[in-house]
Structure formats: structure tokens, C-alpha cells
Amino acid sequence: MSTPSTSSAPAEAGPRDKHALAAAIARDVPDGAYVNLGIGQPTLVAEHLREGSGVVLHTENGMLNFGPVATGDDVDLDLTNAGKIPVTELPGAAYFHHADSFAMMRGGHLDVCVLGAFQVSANGDLANWHTGAPDAIPAVGGAMDLAIGAEQVWVMMTLFAKDGTAKIVPTCTYPLTGLACVDRVYTDLGTFELAASRGRADGAVVVRDLSGISLEELGGRLDVPVVLG
Amino acid sequence: MSTPSTSSAPAEAGPRDKHALAAAIARDVPDGAYVNLGIGQPTLVAEHLREGSGVVLHTENGMLNFGPVATGDDVDLDLTNAGKIPVTELPGAAYFHHADSFAMMRGGHLDVCVLGAFQVSANGDLANWHTGAPDAIPAVGGAMDLAIGAEQVWVMMTLFAKDGTAKIVPTCTYPLTGLACVDRVYTDLGTFELAASRGRADGAVVVRDLSGISLEELGGRLDVPVVLG
Amino acid sequence: MSAASILASYADAVADVEDGATVLVGGFGMAGMPVELIDALIEQGAKDLVIVSNNAGNGDTGLAALLAAKRVRKVVCSFPRQSDSWVFDGLYRAGQIELEVVPQGNLAERMRAAGAGIGAFFCPTGVGTPLTEGKETRVIDGRTYALEYPIKGDVALIKAHRADTMGNLVYRKTARNFGPVMATAARTVIAQVSEVVPLGGLDPEVVVTPSIYVDRVVCPTAQES
Amino acid sequence: MSAASILASYADAVADVEDGATVLVGGFGMAGMPVELIDALIEQGAKDLVIVSNNAGNGDTGLAALLAAKRVRKVVCSFPRQSDSWVFDGLYRAGQIELEVVPQGNLAERMRAAGAGIGAFFCPTGVGTPLTEGKETRVIDGRTYALEYPIKGDVALIKAHRADTMGNLVYRKTARNFGPVMATAARTVIAQVSEVVPLGGLDPEVVVTPSIYVDRVVCPTAQES
């Protein structure tokens, strides 16, 4: 995946690591947006938000405007994020109960949520809660609520699984989290716009910010048409 | 209606005035009950609750445990009951918004509500929001929510309208507020148990506390069977 | 949306309300009624409005004045008829205004549904009465319910007690009433308040309407942002 | 119901929980988890329980201990599988416990519906996924919804921060989570708190769960009533 770019498309030196990816996502979050960052890698986005951006973070366990992870004396077990990690409170925070928190999500009041994924289909179907393995214990948490709730649903993931199979697919084979809900996919090798592609007659996804892969190679390794945007 | 009693049934000296009626209702409210008193005459019940009864009053505009009507310097236009009359706040009060307040009602959490009525049918249908007059402007407020919400729905009314027609009827002719929702009817001439009667094969209503009317006269003036309870 | 704008001018706050808009108006009687915002809306001139509010105006001010100015096509409310609702009464009897009467709890719950992304809900209120005539009904666990749909606003005009500079709101006593629900149910939420406090000036435990729901806060003495 | 009883004994508070009861258990991870009430329930011995909670136990204490004691027939939750959910995992793989996975927001909203007297509601969450398979769906305004039913509890065990002597409750930070919703959805609501304050000791503006919802308040240092 570190093949040098051979395409005429703009390409960075190599694939983006998770920090570069988080930084890229953070740059795209509008100032003042209300944002939910999913458990795991998406939480890294918080570290890259511009000082003074006014971005307000939501956690589905009932809070708006939490701050960095708590350390030392700031740890309070009554104040955690959705990953059950102690966090801090910023001025202007608000607490609310679970039904109100999910009403906020389901009602479309969040501007952006960033989620991890196993698979995303070209039309924006999301699979991120269950591998479909017969012996897996299913656990969904708030993933389905976030997938259908936020105004913009962004996925943060590697483009290919460890075994080399693509995670942007014509049709998800893993159990779905939500239908046609993903607007944008940020990957190590490029950023894909699905919202735009939903309007395309050819079913293609639009890629930008290619990193460490050429458009040609990308086209060869994905089963969905890709155009440069 | 002040005909002396000619029956063997127990009867008080004469019909109960609204204060005697309110006092009778107040005596029946269980200690510690959560109660909503409808606009108009039912609000009189509050004045007759025993000191220390622990009864908590709910007002649908978003408050539990309000106190007497406010006077003088205690008047605060941000603190009113459902009749838009300034009231006071007791220790242990709580404020909440309208959706929460009606969730409380609809969810069956109130023990008792006391409502006025135009008509009540023997099976407990309630008509108290609209006379059916073609030129009347319909206005329902919280009546329908209260009618179906409280654990016990009690009606406070005169038994006969000014024109002498009975207000406990086989079937309501006025537009309904709720179906089979009234448990008990307190009137100037007696107290009627409808909840019990709903189990009776003969469709009779059960009367107690006859006041200023005999069972025979009552039976003659109502179109529903009456038995003494 | 981003954190609320703080405005000192009621006129600026309602400048973009469009003809034909559905406007949710807070208050139960005068408690929580955003009188200054309504006055500004009258001044602004938008017409053919649909007003969703508990009442249909009292006396000659506030909502009643908006109605009297012939700006309202339809009122959705629970209790139009009051001793001092002569403006509405006159228009209604003259056939110059539409009325949808909704039980008070359904009014609140239908707006909550709009704010909470609920498509419709089965509600027991009003079953068997004229107010659910024609509605789909269903028996669930032996009880009959009618299907009720969300009420969404283009704009909500509400009155709160205090705001912080982000737009978090707290209310005062029973003036809270419809405000918090309407704040969730409209595309643009405009709150008039008595005071704007600095960021950090509201305890996060007691915020009733979080800033995410609020677009504009209006307070004549506030510093604009 | 009347104002809450104040108890000093967790054992007394759960003494009447019956075999087969549906028990709503508050908390999100350990925040808001009523650990002492769960311990008392283990001691009490009720079995064949249906537990409704966000998770299915962590480590070897609390809910996990209740599960390990084989008192639970079924768990209704959004997220059973965690790094420290070995007790549940073992029982589940051995076929000794039933599991209903519910999206977290549906878990909350279905309990809210139970408390609010809503018969069922059309919800967009999970449409097209295995978790709405077999559910009635409907297209409303171009969007597809699945019909969801209330979840009612016989008992709710929750943890709040402070109570007054009537049973009004306030919570602390994100430990609030499911507590206020569960308090509306169960026939008998039992809240453990850190402190009981005298009547008038809670500002009526900041009460989160009004006393009407609360049957028993447990605090080891409280004077019983």
C-alpha cells in the first residue's frame, strides 16, 4: 500500500496513519459544529480540532461539550464518554438523560458523527457492529442511532482489511448498521464522497486526497467505480 | 331538589353545595396521593385537604406540589396553575416541561384527577369539553389527556343541569372527552360509583351519600338504573 | 448548526421569517409567552403564517395582535376559547382563520416526536372523541390508540429566563412549559431571555435546553456575538 | 402512590422483588450503576429475572455477579460484549441465558414510551438491519420506520446523587444516563442515593426525577420514614 504514486492525480507521499487521518477529518469539521465521535479511532479527531474552533462534542451517554480525557485528580467516574473513559467538562457543557440524548441524535440535531466501519457500500450502507461470525456475541450500542441520526455521517477506517479485501464494496456482506446513511469515508489511502455519488448514474464513488495510491491502482482494487473529485 | 328525604336510605339534610362537595371529595383522597384538580370547581378540593395529608398537587403546565393561590407580593406571573391563576410553591416542588408533564399524566402516574363534566354515561364515558352547539368554538386543553391518564378519574358536578335534565345518562349526547374513563361522580345529591358498576350485569350505577333526595326520586329522574351502595 | 448568535434586537432575530412559515410560539397564557418576539414579527410583516401554540391569543397584544394584523392563516392549539380571546373568536366566526384543535398533551408530544425523529406514535388520548375522527386506530395490549404525527416548525419563538453565550437555556418556574419542547422541534429556534450570562455561568447539571437546539438568543442588554 | 419511603437498608428495599420480575437496572458501565441494590438483590434470591440494562455486566461484581448466581433468564441490552463481560459471554455461549440486543436509543425510547403511556412508535433506527427483522415497517414522508413497543419494568433499580425526603432526585454528571427514564417505566422504583436532604433542600428548578416516580429511596445514613 506504500506503492509510489504513478498517477497524474495529486497524491501525498504515502498512506495516512490514524493521526494524519484524524487531522484530515478535524480540518473538515465546520467551526462550531456539534459532533459525536464514535468509540475507538474516531475519538482521535478531538485531539486535532483547531483551538477556538468552537466545535462541541456530544457523547451519547448524556452530555454536550466534554473536554479532553481526564487524568490524575480530574478523573471522576461519574463523568465518562461513550467509551466509558473518564473525560472532563468544558464551560457551556450540559447533561441530560439517555432518552433526551438519543432524541437529540435521532432528531437530526448533530451536525457530524464520525464512526468506524467494517464495510461501507457505494450507496452509503454502513456495516460496523457485527462481523456476522456465527459465534460472535452481537452488541450494537449506539451505532445504529448515530448512523441514521447525524446530519453528516463520516466513516474513518482503513480502505483495505488486513487480508487485503476492500472495505468500500458494491454491497455490504456484513450485517448492516444503517441504510444509505454514510456521506463520506476517510481512509488511509483517500477520502471518498458518497453523498455526491448517490446522485451519479454510474454508481461511482468520488475520491479526493489520494495518499500513497494511484487512481489506477485504486480502481483495480475496488469493485466499485471510482472517479477523482 | 331540596325535597325532604322520603326514603329509608340515609340522606343528609339537603343537597351539598360546592364547598360541601369539595370537602367530601377531599375526604376521599388518599393521604400522599398525587392529584390533578381540573379548572373551575374542582380547584376547591384543595382548600379542604386535611393539613398534613401529604397530598401532592400536579398542574399540567409543568409542576408538582404547588400551594395555595398567591396573593399580594407572592404573585409571580411565571408561577400559575392550569387555570392561569398565580399559585405558590411548596417545599419538595418540581418543575418540568409540557411533554414531561403530559407523559406523567398519560403514563398513569397520577393517582386521582377531579374534573367537571357536562355529562357522564353509566359506563364512564365523559363529556366535558364541548356542548356540541354548532357555533361554539371548540377548546379542549388538557381534558382529554387527564380523562385517560389518571389512575382514578373523579367527576365533580351537579347531578341535574339548570333545565332539570340529568347529567348521568345512558349515553352521552355531547361530544366525548374520553371513553369509559370515569370511576366516580360526586354530585350535590349523591356520590356515584361507576367503576364498580361497570362490573354489574344490570348496568346500574351505585349511589352513596344521598343528600336531599330519596333513592326513589333519584331512580325516577335518571334514565339509568341506580342501586344503593 | 453552531453555537447560538446573541442578538440585542428582536427585529434582527425575526428578520428572515418567511411568508407561509409554521411558527411554534411558546407560553401558557402569558407565562413563557415571547411577547417582544411576537411584536417584532408583527413589525416584520410575514404573512400566511401557521401558528402552533397552546392558546390563540389573549386580549389585544402578543399573539392576538398578530392575528388582528391578519398575518395568520391557521392556528393549531389546544385551547383557543378564553374569556379574553375576542380577536381569535371574531376571525374564526367570520371564517377568516383555520383552527386545528389538538389535546394539550398531544400538542406537546407531537412536537417532541418532531424533535426526536419519531415518525408517528400510537397515543391513547382522545380515542373515541371527535378529535381523533378519521385517524388510524389500533388496539395494543387491550387498549385502543390513535396514530399521531409529528408537528415540525420552521421557526420557534420561545421565552427563557437565562442563556449563556453558547445558547444554553434555563427557564423560570411554570414559564418553562412548551419552551423546551418547541426548541427541539423547529428548524430555527429563537429565544428571548432576561439575561445572558458568560460561558460557564450556567451549571451544566441544570441546563434545560442545551445550546444545540438554539440558533438565536435575544436580550436587549446583551453584547452581540 | 404516595411520597417515597426513605430506607437505610438495601435489603429492605428489594425484599419484595418477585421471581420472574422484569428489572430495569440503571447505569452506563459503572457510572450510575446501583451496585449495592444489585448486591442486595443477589442476597435476596429472586430468580428467573429479566434484566433490562445497557450492558450485561462487567468484571465479577454487580450485574455480572447476579448473572453468575444464575438468577437471570434473559438480558435486554444494547451492548453485552465488552472486554470484561466474561460472565455473560460464558453463560451466553453455554446457552444458559437469553439475549435481546436493542439499539441504545431504542432501549431508552421504548422505556420512555412505557412511562409516557405511548402504545408504540415508528422509529427510524435499525431499519434495514437484522435488529428490525420481522418488525412492522412503514414509510412516512419518504422515510422508512420500524414499529417499536414499550419496555415496562416491574422494578427499576437506579442510582441517583441526592434525594429529598419526598423522593425528588438529582443525578451527578453522566451518571444520570438511564436513571430518569427507568424511573418512569417501572411499577416500583427504588433509588439508591449518596445523600438524603431535608424537604426544601432541592431547588424545584433542578429536580430531574420528580417524587411521583419514586417509591423507595435507600441511603445507609438516612433516617427511615
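Letters are used for the chains, namely A, B, C and D, taken in the order the chains are written, and counting of residues starts over at 1 for each.
Note that in this section a contact is a pair of C-beta atoms (placed from the backbone, for glycine too) under 8 Å apart; a residue touches a chain by one contact, two chains touch by 3 or more.
Everything quoted here is computed from the prediction, not taken from an experiment.
J.: Over the chains that touch one another, what is the least number of steps taking subunit A to subunit B?
T.: Each step joins two touching chains, and the minimum needed here is 2.
J.: Comparing B-D against A-D, which pair counts more contacting C-beta pairs?
T.: A-D
J.: Quick one: report the Å distance separating subunit C from subunit D, using the average Cα coordinate of each chain.
T.: Subunit C and subunit D have C-alpha centres separated by 33 Å.
J.: Rounded to a whole Å, what is the gap between the Cα centroids of subunit A and subunit C?
T.: It comes to 35 Å between the two C-alpha centres.
J.: Give me the residues of subunit C that touch two or more other chains.
T.: 109, 112, 116-118, 123-124, 171-173, 204-205
J.: Pull out every residue in subunit A that's touching 2 or more other chains.
T.: 63, 89, 95-96, 102-103, 105-106, 148-149
J.: Write out all the pairs of touching chains, ordered by chain label.
T.: The complete list of chain pairs in contact reads A-C, A-D, B-C, B-D, C-D.
J.: What residues of subunit B sit close enough to touch subunit C in their complex?
T.: So the residues of subunit B touching subunit C come out as 59-63, 76-80, 84, 89, 95-99, 101-103, 105-106, 125, 130, 135-145, 148-149, 175-179.
J.: Show me the residue ranges of subunit D that touch subunit A in the complex, using the header's touch definition.
T.: 28-32, 78-82, 88-89, 92-93, 99, 101-109, 111-112, 123-131, 144, 171-181, 208
J.: Which residues, counting only subunit C, touch subunit D once they are in their complex?
T.: The contact residues of subunit C facing subunit D are 109, 113, 116-124, 138, 140-141, 143, 145, 149, 170-173, 203-206.
J.: Touching residues of subunit A toward subunit C in the complex: what are they?
T.: Where subunit A meets subunit C, its residues are 30-34, 54, 56, 58, 63-65, 89, 91-96, 102-111, 148-149.
J.: Residue numbers of subunit D touching subunit B in their complex, please.
T.: Listed in rising order, the residues are 1-3, 112, 114-118, 164-166, 168, 184, 199-200, 202, 204-205, 207, 210-213.
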